[in-house]
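Following this line, the structures themselves.
There are two complexes below, and they share chain A, which is joined by chain B in the first and by chain C in the second.
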Partner chain A sequence: MACEAGIRKLKKPRKKVRLIGNEAQIGRKSSGDVLMLLIVGIMAAFSFFPLLMAINMAIKPINELFYYPPRLFTAHPTLDNFKMLFSLMQNTRVSFLRYAFNTVFISLAVTLGHVFIASMAAYPLAKLKLPGIKTINTMIVFSLMFVSAVTDVANYLTISWLGWLDTYFASIIPPMGATLGLFIMRNYMTTIPDSLLEAARMDGCSNYRIYWQIVMPLSKPVWLTVAILVFQQVWGVDNSGYVYRESLKTLPYAMRQITTGAIVRMGASQAVGVAMMIIPALFFIVNQTKIINTMATSGMRE
Partner chain B sequence: MKLKNCKERLAFNCRTAWNNRSAYVLMAPFLIIFFTFTVFPVIMTIVLSFTRYNILQKPVFVAWDNYKELFVNDEVFAIALRNTVVFALITGPLGYFLSFFAAWLINEFKPLLRGLLTFIFYVPTISGTVYTIWSIIFSSDMYGYTNSFLIRLGIINNPIEWFGTDTFILPLIIVVQLWMSMGSGFLVMRAGTASVDPQYYEAAAIDGVKNRFQEVIYITVPMMAPHLITAAVLQITGMFANAGASIQLAGFPSTNYAGHLIMTHLMDYSSYRVERGYASAISVVLFVLMISINKLSVRLLRKVGA
Partner chain C sequence: MKHKHSSLMKKRARWAYFFLLPWLIGVIAVFVIPLFLSLSFSLSEVTVDSGYSLRPVGFANYKTALLLDENFLRYFASTIGDLLYRVPIILVYSFMVALLLKQSYFGSQIFKFVFFLPVILSSDLFFKLLNNFGAKTTSSLDAVMSSSVSVLKSLNLSVYLKDLGLSSKMIELLTAPVNKVYEIITCSGIQIFVFLSALYSVPSQLYEAAHMEGANAWQQFWKITFPMVMPMVLVNVVYSIVDTFVTESNSVMEYVYQLSFKNFNFGLSSAISWLYFLAVGLILLLVFRLINRRTFYYTD
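The block that comes next holds the complex of A and B.
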C-alpha cells in the first residue's frame, strides 16, 4: 500500500493537466473534451430548469401569476410567500416546531436504522454461501416488484396487534425493513474480493469483525448512497395513516393542511415546495462530498 | 433411500447453519422486520386476490373470478395495460441509457465539479416540484407558457388543453418522466462508474484502446456489471409502479383514461372503490409482469457483457 502511494507521488509531476477526464486516460483527444462539456452543459441546464422555475414561482408576487403574456422570470421578487407561510404556520394548533422535530427525528432514525441493519444483512447475503441465503435473495428481488398500494391493510393489522398505533414506532420500524437499500448494498458488496475476506477469516476474524472492519469501510460509497435515498423518501412521508395524535404527525402532513386552500394559498404552496427540499438537498450535498472522498482514498482492489 | 438422503442433507444444512450462526445473527434484525412488514402483507395480498373484500366485511372466496373479470370484461384495464407497456417500453430503456450516460459523463470531471453536477442532475428527483412546473408550462389557459407562446406566434388561436386531450396526454407524461429519469438508478450508476479504478483505463490505453467509446465498452461496462443489474431492477420497478406523473399532470382519472396506467387502475380499486380483492388481483398481475420483464432484462444485460 505504502509503496503504491509512493509510486503515485513520483508519477504526479509528469502528468499533463486536463480540463476534464482522468490523467490516466492517455489515448484521448481534446476535441472529445469540448464535445462532452457541451453535452453536460445542455443536460445540466435541462435538469436545473425545474428547480429554477420552482424558486422563481416561490418568490413571485401572487398577482404576477396571472400576467399575460406570462413572464419567465419574475419582475418583482418578494419573500411575501414565505412570510405568509410562516404566519400560517404560527396558527397551527400544535406548534410548527413539533412537526419539524418529528420529521427530522423520524427521517434520521429510519435512515440510521435502515443503513445499519440492512448492511448487516447484506454482507452474508452477498458473500456467504449458507443454507437459506439463496431463497432470501430471491424473496428480496421479488419484494421489490410488489407495489405497496394494497399491503396497507395487512400492515395496519400488524401494527395495531403490536400496539404501535399512534406511536413513533409505527413511523420508524416498518420503513426500516424496506428492501430497496438492502438490495443496492447487497449487489455492491458482491464486488468485494473474496480473497480479502478469506484472508481475514484465516487470521481468525469473526463475521462481526469482518462486517464492521472490512465490509463496511469498503462499501462506504454505497451505504452513503442508500442513506440519501432512504432519507429523502422518509422525509416526504405523511404518516397520518397509523398516527392520530396531532403531536406525532410530520411536516408533509402539516404542509398539506396549510396549503390546501383556494387561489390565495397558491403562493404559500409554492413556498412550501421550496422550503421542504432544503434539508434533503443539504443532506445530499454533504453526503456526496463524503462519497467522493471515499473514492479518492480507497485504492483497495484485488 | 431417498428419504434418508433428504434427512442427511437437512442435517448437514442445519450443521452448516449452526456453525455459521453469526451470519444469521447479522441478518436477523432486518429479516424479522422484512418478514413482518413485507413478506406477510404480500402473502396476504395474494390470498386476498382470490376473494371479494371491502375491508369492512369478511372476505368471500371467489376463486379465479377477479382475474377472469380483469382480463375478459375490464375494458379500462386493457387501456391501462396498453398505456403501461408503451410508457415503460419508452421511458425504461431510454431513462436507463440516459442515467448511465450521465453517470459516466460526470465521472470524467474533477471531484468538486463531480459533486456539483451529480447534485444538479439529481435535483429534479429531490425537489418533487417538477410536476407543478410542468403543469404551469402546459397549463390549459392562456397563462401557460406553451399556450401563450404558440398564440403569440400565431400558430394557434385558442389555448390547447394539453392534459385534457387524449393525443397529448401519454406523450407528455413520457417526456416529463424522462426528465426525471436521474433517480435512484442514476445514483447507483454513479457509485458504479466511480468505483472503476483509473489504472484500468491506463492499462487499456497501452493495450490499444483508442477512444472513449471503446473504453466504455471494454472497461466501464464490464467493470460495473453488478451496478448495471441493480440499476436495471430499480428502473423496472420505477417505471411499472409509477403513477406520479400521470396523476399529477393528467389528473385522476385522466380524460378518456388516456393517461391511465396499471398503477392508477390499482389505486382506483384499492383507495376509491375499496374493492380490495380486485385490487389485490391487479397488484399480482403487475407483480408477475415486472418479474418477467426483470428476468428478461437481466438475461439481456448478461449477454451484453455485464
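The block that comes next holds the complex of A and C.
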C-alpha cells in the first residue's frame, strides 16, 4: 500500500527538479516545505540576532551607544564609526594593508597546510590496519584536550629553540600540527567503502594516487568543513606573542590596538567587529558552494 | 606495482608511516614536547628570572591543588555540571539543524550562512572585541548576567526587565535560560556543519531502495540516516566535550590563566592543568569507548 502511494506521488510531476537532497524530496508535500521553513526560520532568528546586534551597534552614533537602558534599534543610523575606523587605519605605523596581508597569508597557509598534512595522516589512520595505529588513534582523542592555553609557555620555548621567533614560521607551523581536523577527517574516512580502495589497488593504483584521486574527492565535504573550522580559528589569532616586528603582526592585533583606548574609540571598536567578520563570512560562503557542487556531481556511490 | 622482496603488508606499512610522518613531526614539536615540559613544571617550583629554573618538589603542587587550594575543586565540579546538560542538548540541536539544512528549499543557502554566524561571532576575536565594550558599560550588571559567553550581554535584557519592575530574583530566573540558549547556539555551529558533511555522504541509493521497499521517512531516519552518521556523532560528542572543557570562558581555564600569567605560579598552574586534563581525558576515553563500540562503520 505504502509503496503504491509512493509511486502515485512520484507520478505527480513536481514543478521544480532539484539536484540535491534527493531522497527526502521524493515524498514531500509543499505544506511540509512551509512547516520546515517555519522551524528553520525560528531557529535561524536566534542565530541571526547577534549579527543584527553587532551591525546595529556599528551604525549607532556614539552618544547612542551609552543610552541607558540601551535601545535595540538606532534612531539615527550613521556611518561615522566606519569613517573613524578608516581614518584610524590610515595612521598606523606600518601600512594597514600589511597587517591585512599578514592575516590572510597566515590564515590561508595554515588552512592549506593543515588540511593537506592532516588528511594525509588521516587516510592510513582510518583505512590501514597496522601495528601502532590503534595507539595513535587513542593518543589523538586524548590530545584534543590539550589546547594551546596549556602548552603556550612550552610552545614558546620550542619555537625559540627552533629560531623561529619573529618569523612567519612561528605563526604558521605550530597550528598545522593540531589534532582536531585530523580527528574529524579520520572518522569521516572510515566510512569510505573498502571495496573502492581494493578495486583501485587491484588496478595498480599506488597509495599516493588512491589518496589523491579516491580518498580526497570522496571526503571533500569533510575537509572543506575542516578548512572552515581552521580558517575561522586562525583568523582571530593575535600572534604578537611570538612576533615582535610590527610588519609581521596580524590584523586582530592591529585592530585591538586601534580600538582599545579612550571612550572616543568605542564607536570604531563596534565597526571593527563588523569589518572583521567579512572575510570569514566570504570564506564560508565560497566553501559551502564548493560542497554543494561536489554533491551535485559526485555522490559516494559504489 | 613493482614487487620487491618485501611483503605487501610491509610495503603498505612503509607508505602509511610515510603519510603519517609530516603530522607526527608536527605533533611531537607542538604537543608532545610541551606536554613533557609542563609535566616537569608541575613537579617543581618554577622561578622566572632571565630564563627559568626548576627546583624539583615532588608532588607538592598536586597536594596544594587538591587539599589547600579553595577554588580548583569548586570550579571543576561546576564544569562537570555544565557538561552534563550541555552536550546532549548541543548534539540534538545541531543534528536537527543539520537535517533541516540538508534539504533544499527556498533560501536554504542563506539559512546555512545564518547558522554559521554564531561561530564567527563567538570566536575569540569577537568575544574580545565586543566584550571590550560590554565590560565597560555593564560591569555592575555582570553579577546579574550569569553567563560568560553571550553576545546578548550588550543587549542587557536584564535592564529592560528591571524597567518593567521585576525583582532581581525574577530577572535572574528569566535571563538565565536566555543566556543558556545563546550558549548552546554559539557552541553548536561547528557541530552542525560536521553533521551536514556527514549527511551529504550518505549514499542516495540506500534511500531509494528503502523508499521502494515502502519505508517511511521516520524509518528511513532511524535505519539509514542515523547509523550512517554515527561516526560523526562520535566526533561531535568528543568535540562538544572538549569545547566545553577548554574554552577560555571555562572557570577552571580562567583560573589556570590567572595563576600562570598574573600570579606567575607556573608550578601550581601546571599541576592544576594536569589534574584537570587527566580527569577530563578519562571522561573522554570512557565516552569514546562507550560510543565507539555502538558505532556502525559502513565499510562495505
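For this structure, a couple of remarks:
To be clear about the criterion, the second predicted complex is superposed on the first by the 261 of 302 C-alpha atoms of A that agree within 3 Å, B and C clash if a C-alpha of one lies under 4 Å from a C-alpha of the other, contacts with A are read in each partner's own complex, and residues count from 1 in each chain.
The working rule: contacts are C-beta pairs under 8 Å (C-beta built on N, C-alpha and C of every residue); 3 or more make two chains touch, one makes a residue touch a chain.
Computed from a prediction, not measured in an experiment: that's the story for all the values here.
When both complexes are overlaid on chain A, chain B and chain C end up clashing with each other.
Of the two partner chains placed around the shared chain by superposition, chain C is the only one that A:255 touches, whereas chain B remains out of contact. Looking at the shared chain after the overlay, A:43 reaches both chain B and chain C. Within the superposed three-chain model, A:270 lies in touch with chain B and with chain C [touch as defined at top]. In the overlay built on the shared chain, the residue A:124 is in contact with chain B and with chain C.
When both complexes are overlaid on chain A, the residue A:182 reaches chain B and chain C alike. Counting contacts as defined above, chain A residues 20-27, 36, 39-40, 43-44, 46-51, 53-54, 57, 65-66, 68-70, 72, 117-118, 120-121, 123-125, 128, 130-131, 136, 141-147, 149-151, 153-155, 158, 173-174, 176-180, 182-184, 187-188, 190-191, 206-208, 211, 221-222, 225, 228-229, 232, 236, 270, 273, 276-277, 280-281, 284-285, 288, 291-292, 295, 299, 301 meet chain B in one complex and chain C in the other.
Within the complex formed with chain A, the chain B residues making contact are 13-14, 16-17, 20, 22-24, 26-27, 29-31, 33-34, 36-42, 44-45, 48, 55, 102, 105-106, 108-111, 113-115, 117-130, 132-134, 136, 142-145, 148, 152, 179, 182, 184, 187-188, 190-191, 194-195, 197-199, 201-202, 205, 209-212, 215, 226-227, 229-230, 233-234, 236-237, 241, 263, 266-267, 270-271, 276, 279-280, 283, 286-287, 290-291, 294.
Chain contact summary for the complex, chain C toward chain A: residues 1, 9, 12-13, 15-17, 19-20, 22-27, 29-31, 33-35, 37-38, 41, 97, 100-107, 109, 111-121, 123-126, 128-130, 132-133, 136-137, 151-152, 154-156, 159-160, 162-163, 181-182, 185-186, 190, 193-194, 196-198, 200-205, 207-208, 211-214, 216-217, 220, 228, 231-232, 234-235, 238-239, 242, 245-246, 248, 253, 256-257, 260, 266, 273, 277, 280-281, 284-285, 288, 297-300. Across the complex, chain B is touched by residues 20-29, 32, 36, 39-40, 43-44, 46-51, 53-54, 57, 65-70, 72, 117-118, 120-121, 123-125, 128, 130-132, 136, 139-147, 149-155, 158, 173-174, 176-180, 182-184, 187-188, 190-191, 206-208, 211, 221-222, 225, 228-229, 232, 236, 270, 273-274, 276-277, 280-281, 284-285, 288-289, 291-292, 295-296, 299, 301 of chain A. Within the complex formed with chain C, the residues of chain A that make contact are 1-3, 6, 18, 20-27, 33, 36-37, 39-40, 43-44, 46-51, 53-54, 57, 65-66, 68-70, 72, 117-118, 120-121, 123-125, 128, 130-131, 133, 136, 138, 141-147, 149-151, 153-155, 157-158, 162, 173-174, 176-180, 182-184, 187-188, 190-191, 193-195, 204, 206-208, 211, 218-219, 221-222, 224-225, 228-229, 232-233, 235-238, 252, 255-256, 259-260, 263, 266, 269-270, 272-273, 276-277, 280-281, 284-285, 288, 291-292, 294-295, 299-302.
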